[in-house]
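Same chain, two partners: chain A is paired with chain B first, then with chain C.
Right, the complex of A and B next:
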């Protein structure tokens, strides 16, 4: 089995080496004459406003959290998909299908809850602020 | 006689040790969070050496790829991110020192007093199929309970964030 991971290791080395080699070669052949304007933060051509180190909105955390939840779900579904064909051939296909369907449905309930609570809406706070200014 | 697995063991050891020092001693919280990626990656390497191929891939997918991103996001939401140079003080008071030292002592005592089942590495081959069979035949209930646990975590996060936004 360790031999199989030799391929993984080869990919890793080639991947890291590719990036490192390209950066090295480009550092050899590119012109290097920086000035103040070139060293400003590139922000879609706009002049940057304020410091870069600001506190981010909590909403990012929820999206990252939902990602981790479904990441774990995939992790548990993967071994099931590997043996699903064997289960079908040995007559246990329906059971395996029901089990995995139940697993997904329970998680889907959580996803629908996140959606219904507006957890996946980006402009929610901006919209409510806009409505507030409309009322007054 | 040092074989190839031993060489990799020491490479991963150096990776984990070096990057955990960076996690602890870096004054920049964001750099600590990034350095944690290499610690988690090195642990995945240990899993490979121990014959847990599925566990190694899950370690990279969930911990290095998911939880670590969550941690980096979390550091970006802390109030002290505006001073990145001093956001992670390495020394955090006497009580933390006592707590950490106590934990180290307990771990050392456990390490010394336990007889570990030591056997030479057997090549088990790919383990994903066996894990799938165990999940669907022997451990059906825990498998379904996992999804409830995940939903509970998700609902908890949403409730906390909505509460935080209202206040």
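Right, the complex of A and C next:
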């Protein structure tokens, strides 16, 4: 088994090496004479205003939070999924099913709560704007 | 192998390490070539679909176009914009590359032909592809460009959102096979379409569709290509990249297409399983596996040039409000199905063929519809002339 992970390690090294080697060889033959104009950031051809590290929307954090919760949940679901077939064949299927169902239902409650609180709405304002235009 | 090592007077691990290295080098070459060929393939198909020719100058039918492109990008100047975070900017291509290349360890090439059959195969695959998210975020943040930042954030939000349907979509199939290793998943299926895990029962079918949709989004393919929506974000997270660093992103994108195709084939479409009579001809299984993979890749490319792009809120809604609940239904459905199946094994014999029959009917309906469209189009053309 450890030998299999040695394969993974080798692949990682070769993957990095592939990019590094190509970049190195390319650096030997490509031109390299940067100047002021070339180094400006692309801002649709205008001179860039302010740095590029601007603020961005809070919604991305919200998505990341919900993702982390579900990703951990899935990581816990995989072991049960793998042995489920054996459990069914040895007659313990119902037990495994009830256990994983309880686990998922607890998380689904959280999911439904997030949904009901509008945590999953990407564009909160679009709908209200749409309703406003409908009224007038 | 051990005797061979001893006869040469070297340690066994050295021989093993060299073999591993050779396999990895072959894989990386295969990945580079296949992703190059896919760019050609895609451009030709796009040409056909838009009534133009596409690249046909370099080599027979333009087949060597990707070599010309690669050489061009290889010799381009590599610029790093002023004020960029140089470390993140330089690290990002490596991460994107690893995120796409590392899955090749567990991708099978046919029945029992695989670099390393990890016992956590699928889990390893979906977790290591997540490195691409880190890479795009780094590229977006490190570029000191507003378009890149927006593109990177969008890309991260999208890939992260669709990671969950993809992982959930794989679960019913794993329930069915009872294994995480790729070979185990393939062995659980048979050669005939009604033995494939996609056509086992309605729930695996739902899971297959969820997985496929999610994979499209994870691979940044249309209709989910918001991270590089040219009309909105210039080029997304890779706006500031040039030269070979830029090429790496596109290499990764098209290699990802192959990864998606191979994973779908191995997990849902029977892999390289051959009928009993053809078992001795192992090379046929490689051929079959690649054929299925390329078909999936063709479908993805076909979708790209057929469908318009989603809006970002529609994209998020689709993932969280439709695919995620559906995938829970598929998971529970498959679990209950297996419990019932244990009591009454007869169902297993029936559902597979029925699902496949339904699939054939849908296919027939599709071709019928296409034929009608063709006829109507020809009619209008004739009347105009």
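Heads up, the rule we're going with is that the second predicted complex is superposed on the first by the 107 of 136 C-alpha atoms of A that agree within 3 Å, B and C clash if a C-alpha of one lies under 4 Å from a C-alpha of the other, contacts with A are read in each partner's own complex, and residues count from 1 in each chain.
Assume a contact is a pair of C-beta atoms (placed from the backbone, for glycine too) under 8 Å apart; a residue touches a chain by one contact, two chains touch by 3 or more.
All values reported here derive from a predicted model rather than from experimental measurement.
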| item | value |
| --- | --- |
| Touching partner for A:46 - first (chain B), second (chain C), both, neither | neither |
| First (chain B), second (chain C), both or neither touched by A:60 | both |
| Chain touching more of chain A, residue-wise (chain B, chain C) | C |
| First (chain B), second (chain C), both or neither touched by A:2 | first |
| First (chain B), second (chain C), both or neither touched by A:88 | second |
| Partner chain(s) touched by A:99 [first = chain B, second = chain C, both, neither] | first |
| Partner chain(s) touched by A:19 [first = chain B, second = chain C, both, neither] | second |
| Touching partner for A:78 - first (chain B), second (chain C), both, neither | both |
| On chain A, the residue positions that both chain B and chain C contact, one per complex | 1, 4-5, 51, 53-54, 56-57, 59-60, 64, 66-67, 71, 74-75, 78, 81-83, 86, 104, 111 |
| Residue ranges of chain A touching chain B (in the complex, touch as defined) | 1-2, 4-5, 51, 53-62, 64-69, 71-76, 78-83, 86-87, 92, 95-96, 99, 102-104, 106-107, 109-111, 113-114, 117, 119, 125 |
| Complex interface listing, chain A residues touching chain C | 1, 3-8, 10-16, 18-20, 22-23, 25-27, 29-34, 38-44, 48, 51-54, 56-57, 59-60, 63-64, 66-67, 70-71, 74-75, 77-78, 81-86, 88-89, 93-94, 97, 100-101, 104, 108, 111, 115, 120-123, 126 |
| Chain A partner contacts - residues on chain B that touch it in the complex | 4-5, 48-49, 51, 53-54, 58, 61-62, 65-67, 69-70, 73-74, 76-79, 81-84, 123-126, 128-129, 131-133, 135-136, 140, 143-144, 146-148, 150-151, 153-155, 157-158, 161-162, 164-165 |
| Contact footprint of chain A on chain C as seen in their complex | 16-17, 20-21, 23-25, 27-28, 32, 74-84, 93-94, 97-98, 101-102, 104-105, 115-119, 123-124, 141, 143-150, 153, 156-157, 160-161, 163-164, 167-168, 171, 174-180, 234, 239-240, 243-245, 248, 312-313, 315-317, 320-321, 324, 328, 331-332, 335-336, 338-339, 342 |
